[in-house]
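Look for chain A in each of the two complexes below; its partner is chain B in the first and chain C in the second.
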Partner chain A sequence: MTVTETAVTISVDGNDVSVPEGATILDACTAAGIDTPTICYGPTLTPVNACRVCVVELEGSRTLVPSCSRPAEEGMVVSTDSERVNHSRKMVLEFLGSGVDLSQADELNEWSAKYGAQPDRYDNPERMNEDVKIQDDLYVRDYDKCVLCYKCVSACGDDAQHTYAISMSGRGFGARIATEFDVTLPDSACVYCGNCVAVCPTNALQFKTEFDLREAENWRPEDQSVTTTICSYCGVGCNLELHTQDERIVKVTSPDDHSVTWGNLCIKGRFGWQYVHGDSDD
Partner chain B sequence: MLWGSNARNAHPIFFHHLLKGIDNGAKMYAVDPRRTSSAKFADVWLGLNLGSDVALANGIGREIIAAGLANDDFIKHSSQGFEAYKENVEPYTLEFTSQLTGLPAENIRELAHDYAKAETAQILWTLGITEHHNAVDNVLALCSLALLTGHIGKWGSGLVPLRGQNNVQGGGDMGSLPNKLPGFQNIDDDASRGKFEKVYGVDLNPVPGKHLTLMFEAMERGEIKAAYVLGENPADSEADILHARKLLSGLDLLVVQDIFMTRTAEMADVVLPASVAWAESDGTVTSSERRVQRVRAAVPPPGEARHDVDIMFDLAARMGHDWGTPDPEQLWDELRSLSPMHLGMSWDRLEETGGLQWPCPALDHPGSPFLHGWLYADDLEGREPAPFIPVVHQGPKEELTEEFPLRLTTGRALDSYNTGVQSGGFSSPIRYGDALDMHHADAARLGLSDGDMAKVSSPRGSVEMRIRIDDSLVEGLTFTTFHFPDLVDANVLTSDAWDKKSGTAEFKAASIRVEPLVAAGA
Partner chain C sequence: MADLHFTDAVATDGEKAAVDLALGENSGLSLEGERVVRGGASRRRGLRHLLLPALHALQKESGWISPGGLNYVSEVLQVPPAESYGVASFYEMFRVDTEPGHDDDVVHVCIDAACRIDGADDLIASLEREGKHVHRSPCLGQCERPPAVFIQGRKKPDLVPADDDPFELPQAGDEGLRLLKRVGVVDPTSLESYREHGGYEALTKAIDMGADEVLAAITDSGLSGRGGAAFPTGIKWTAVRDAEGDEKHIVANCDESEPGTFKDRLVMENDPFALVEAMTIAAVTTGATNGWIYIRGEYPQATGRLENAIAQARDAGLLGDDVAGTGKAFHLEVRRGAGAYICGEETALFNSLEGFRGEPRNKPPFPTTNGLFDQPTVINNPETLLNILPIVLDGAEAYRSVGTDGSPGTRLFCVSGRVATPGLYEHAFGATLGEIIESAGGASGQVQAVLLGGAAGSFVTADSMDLPLTLEATREAGTTLGSGVVMVFNDDDDMADVCQRIAEFFKNESCGQCVPCRVGAIRQHEMIVAIGDRPMPADKRELHEDMVQVMADASICGLGHTAASAIKSALALGLIGANQ
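Showing the complex of A and B:
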């Protein structure tokens, strides 16, 4: 059962970094203590190279390369802080920010600030301007906030849930995430595991509990705490992170580095906690 | 081989791991009378006649032997009783097994050959195997297949019963069994019991107690007059529920300790409100893979609700025993001092590792991802070789009759759980309630359409149910969940024929009759 790992050494910003064979340039950057912006990358998801915000300069390569998907190879020389890299990252963040509502994408906004992105310097950018889809009591979809990173599609599909309830539809400015024939979520193949919501980087997908608290201007992350415990339903032993505010559970996630769940849950684990507060559907 | 399990619904995150295996090229067989949402991911679905599991397992075993695919070295070194097993399965030819199970002989042969030839193979099961009157026979028949092929005791192979509740494994581990002390030590063994008596400072009753089914029988005979029910809702969950409720209501004293005002609690003389263990208290639970993990308090309990341990300690005090006020870690350390398989699992290690799998007998032991590695040791670590135990096909206890011509089986929906006391708390967009699912041809014969109401009767009673057409069922087979006992008392129908070896009732096989109900005004 012992896995023998071969190490690969690459140079990142002038320093040698060793990572196991199969690791990516992003892994090497992280190992070197370098913070790399990512949007479409997820530690449990297969890279789709959709956002290009994690690009780095690779010696000998004509174009910038996405660090999240490019495997580290012995002897690679990588720059993460060059003018070309910083300019490219800034442009990606600016383009996304100009056409999408990033008001709840805290991490993206931090990157935008760091790279000096100014999304508002574009006049009349194309926007979707559609209503929030509230079709059930469990989660909402606000595609004005969607950057088309594809993570929800991956989580719903091959990377975790294998339900395939959502996919990319349309082309160009019409591109969007949709259910089959754009039916409502309850009418779709969706099984309400919420694994798409868990990976969404912009809050385009959010739990109804969070949405309602935000509407009531009472969503206060600074007053929330997170407790890890075990789901009360079947015997699989899924780790639950209970996000609580004012002594009530307001959101449930799962750690993506635990070998039981890899961040995923089912409808019972994700939403079956209301009884703790004596709430009933009856 | 997923056998009698709809893990896609009942163990969804485990099923993710199985799907990863399929994506990596593993072949999957699903053995189930229903073409479940799990079976739809299988390479081959074997929709056997309900209750013919032993026949199929014996047929597979016979084919493996007849085709020369048995693992002779493993059988010789690690097992005993092979000759008797071989003799017992001899009549189960592909043809005969095909007759008993209703499966094509070619599918049985293919499964036998694939299982025997696979480098690693697992048999995974749940209640489709164990909620039968011959449940233990079913399990033994599957165990024999693992012994026949050596698919046991090594990484990637094995026998995997998937547990249905977050701490049903831990409950057993902690001695919540009639004949066991914590760590599966026998209560009638003087040395084991003596160890506990010394630490507890009292004499313990050496006579094994009764399991739930025997308790109900003892209530019927008037031998049990009082019951203290903790976190269980037998007034909804037992098979032949009308009978069970009658027995519960005939008790002199019924005490219920629960987080809900369940139907059982409503019948109780005293209700002790408990806190929600996994969200309002600290402790441990043990999952299906024997992984002990920490639960932690995230919110305070409401009102007068108290931790189960506090309630029990107060009861002990009223009975004249001062158990002190130990914290959860101190209780856990006491357990570790008495149960060798838990000894290495310190509170700190459980925190650091995110959970350890027993046996974990020492602080430097990494825990055990799989069991029975001893089968490959030269000296079997001093143990007896693993026994083949021959069993024969019986079929469901309750046979179909002219009066009750349809087969009813029960199971779980994805978004609901057991009697619904927990899962009823949230609004699920995919919930449809308890319906009687049946094949369209059966419905047509009865003049029923999807959504119609019908009277459903078994030899024990009748309920009204909505009909749902589901052609993933074969003709003659019907299915229901029992998550909504307030709406449909589905366990009025189920059979209380039970396995004398396990005490489990045959929830999976009743006989029923379905009659259309004409809606008022129609």
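Showing the complex of A and C:
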């Protein structure tokens, strides 16, 4: 893609930052070397700006603005470290911690610690309170861990797969990601591409291989290695990252910045690797 | 259709017929075999905007949205069934959990403040004893005649029993009425009667004046939005007139759902042609060719009268391909909501109308450039639109002859609760709270508190009776006019109960999209229930202040921004949580 780029300059925490026209405030913050927490944002997804953890203070705006979706405009003056910004980030993380199982959301927990979230300030808070859904051999959906970031919906829908097997359903705190009438995934439109699992920030969606190893208390990321290869099934040429532990494949991903996949795969690349192990019973 | 996947559930013949009837010429599976599911912005076109009417038809036929019915609707409209389910499960009036197991109507009884203090519980108990299927509903917009009831008919039209009572405007005959001068006087079902009372003179004059002059008059009048946000109308209309786009829209936001608010209903029921005329002026002024009246689903009489008014105006050449001989087209239709307070938020309304979940969009971009179907859109509250008629007819200067500099003109007030004559009142801006309550016959009992602006507004006490209800004075006093709600509570009323219900209202009505509102609203409710009528400990007060701040700072829309403001004011005034 050839684009003639016009630069836009904004002030971030007192420093001028130039980004191409069309870039977001988040892009400008990143360019300025500022680490911004994000949950519902994904580099390959259209921003839904629902989690509100990336909010920044914009001069002239009554409310804080989501940096992930707000285009940078010439002359904007942005603060990312003000009392208001830190307060909102802390409260968003605290709210999530008060109702969602974040035990496998490592990045989110780091931010919660950084911003001083205290999810135990609430007396008897209602929680997501969902049972684990295991409906096939490929995915596990544990909505007790779901922060309703819409990433899986976007990946299943307009942003990648165009399958539309899942949607946000219900309303308010009762909102849940669901198929129609919550039918099982095998009964739904799901094509098992796994692109929803790939974008989930809290491990609410995980591959069955990972789930089983965690259940067996044998999931050891520190002992895993990643091998990059190219999928052997068809001529598209998708890059695969084979995550292996004890010389067994435990997960397959693709890089977000790979120009063929943008992080997405199909069922074959994502799950069709059992033959590698040569186990006749797999 | 290769692109969509359906479960095996099949619609009944009755469901198919009901949906086909609702969809008219768009019914049936005419697109079979074509690849019509599209991504991105193109998904906002097609037939998807008919999803809500189709779901209403299913609900009426079967008493719920059945899996087979949902499949049929999804296939006809080419909407993925998971998304149709996401939409259906969003609305109060659609049941998605289980088959109802009966053929009865559902009786919705309001449990919000004005009805709560005036017999809602007793009515529900007696209806349930009679074996009726009762649904505890948020505010039904009938606060002047509590307790409010709305009957969602099964295989027959919806009904509000109180609509059979004769309507009388408390201020009938008052010379000072501008917006209500025809209400209770004109025959709301007759274009002829409307014309006899000055109807369509404003449209004729607006056409003569031309767009520039009309826009100048509206801007000079100082008219601002009456839905709650008070945005200057002249700026909005001018922006849409100037916006680039082949198609533009005029939307009347008639999803009146703010607890305590019933003004738009009474105006739509009793002067529906005025709304149609004002929207037509907006269309010829801004160049919009499409008009939409999005009305809350619990207003059957207003819906019928508007549909009748549109049909008569169309027959008279005042709508359609050639509006009043101008050569300009304006096509107007009514769409019903299905029970969701959030759909009164303008961008949520657009999503709802387009057949998506009623979740607000992030702004910017604003509706003036990226509104309905992502096209330039004027969206106004009906009361705002009504003001256009006197502005066009009499000019900005005459319009400003009443009211204050900061709040010119008159305002509709929905006075309810502990007053002698609850009802709709029109006052020049500048009238004090005490004067407005007096105009409704005065308070009954000792005033404990007054809720201004609705559940999204705030409480004041009897100390505020001298407060002029203008935009500037209420802002300075840290409260709001909102949608014109003045709800009076006396010493007998249990404010802890009222506040718990307000907190519950926001918990139920938050769309769930953004974290500050989705979680903040439920945590606030849990906290207020736990406090009850006991003192609020300091650490909980601090926690509530933190919740107020994050909801106001970081929520996507106005619902989240204001979901804690009434509770905050109740705590500050000692109506709840006080140390005694």
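Worth pointing out:
As a working rule, the second predicted complex is superposed on the first by the 277 of 282 C-alpha atoms of A that agree within 3 Å, B and C clash if a C-alpha of one lies under 4 Å from a C-alpha of the other, contacts with A are read in each partner's own complex, and residues count from 1 in each chain.
In this text, contacts are C-beta pairs under 8 Å (C-beta built on N, C-alpha and C of every residue); 3 or more make two chains touch, one makes a residue touch a chain.
Because the structure is predicted, anything quoted here is derived from the model rather than measured.
After overlaying the two complexes on the shared chain, residue contacts for A:V276 are found with chain B alone; chain C is out of touch. In the superposed model, A:D158 makes contact with both chain B and chain C.
Once chain A of one complex is fitted onto chain A of the other, the partner contacts of A:L242 are limited to chain B, with no touch recorded for chain C.
In the superposition on chain A, the residues of chain A contacted by chain B and by chain C overlap at 158, 162.
Per the touch definition, chain B reaches chain A in the complex via residues 10-14, 16, 19, 23, 41, 155, 162-169, 259-260, 276-280, 285-289, 291, 293-300, 302, 354-355, 414-417, 421-430. Partner chain B is touched in their complex by these residues of chain A: 1, 135-138, 158, 160-162, 185-186, 190-193, 225, 227-240, 242, 244, 247-249, 258-262, 264-269, 271-282.
Considering their complex, residues 49-53, 55, 63-64, 66, 69-70, 84, 87-88, 91-92, 95-96, 98-99, 121-126, 147-148, 157-158, 162, 164-175, 178-181, 183, 187-189 of chain A touch chain C. Residue ranges on chain C touching chain A, taken from their complex, read 3-5, 7, 37, 39-40, 43, 67, 70, 80-86, 89-90, 96, 340, 357, 359, 362, 364, 507-516, 518-523, 526-527, 530, 539, 543, 546-547, 549-550, 552-556, 561.
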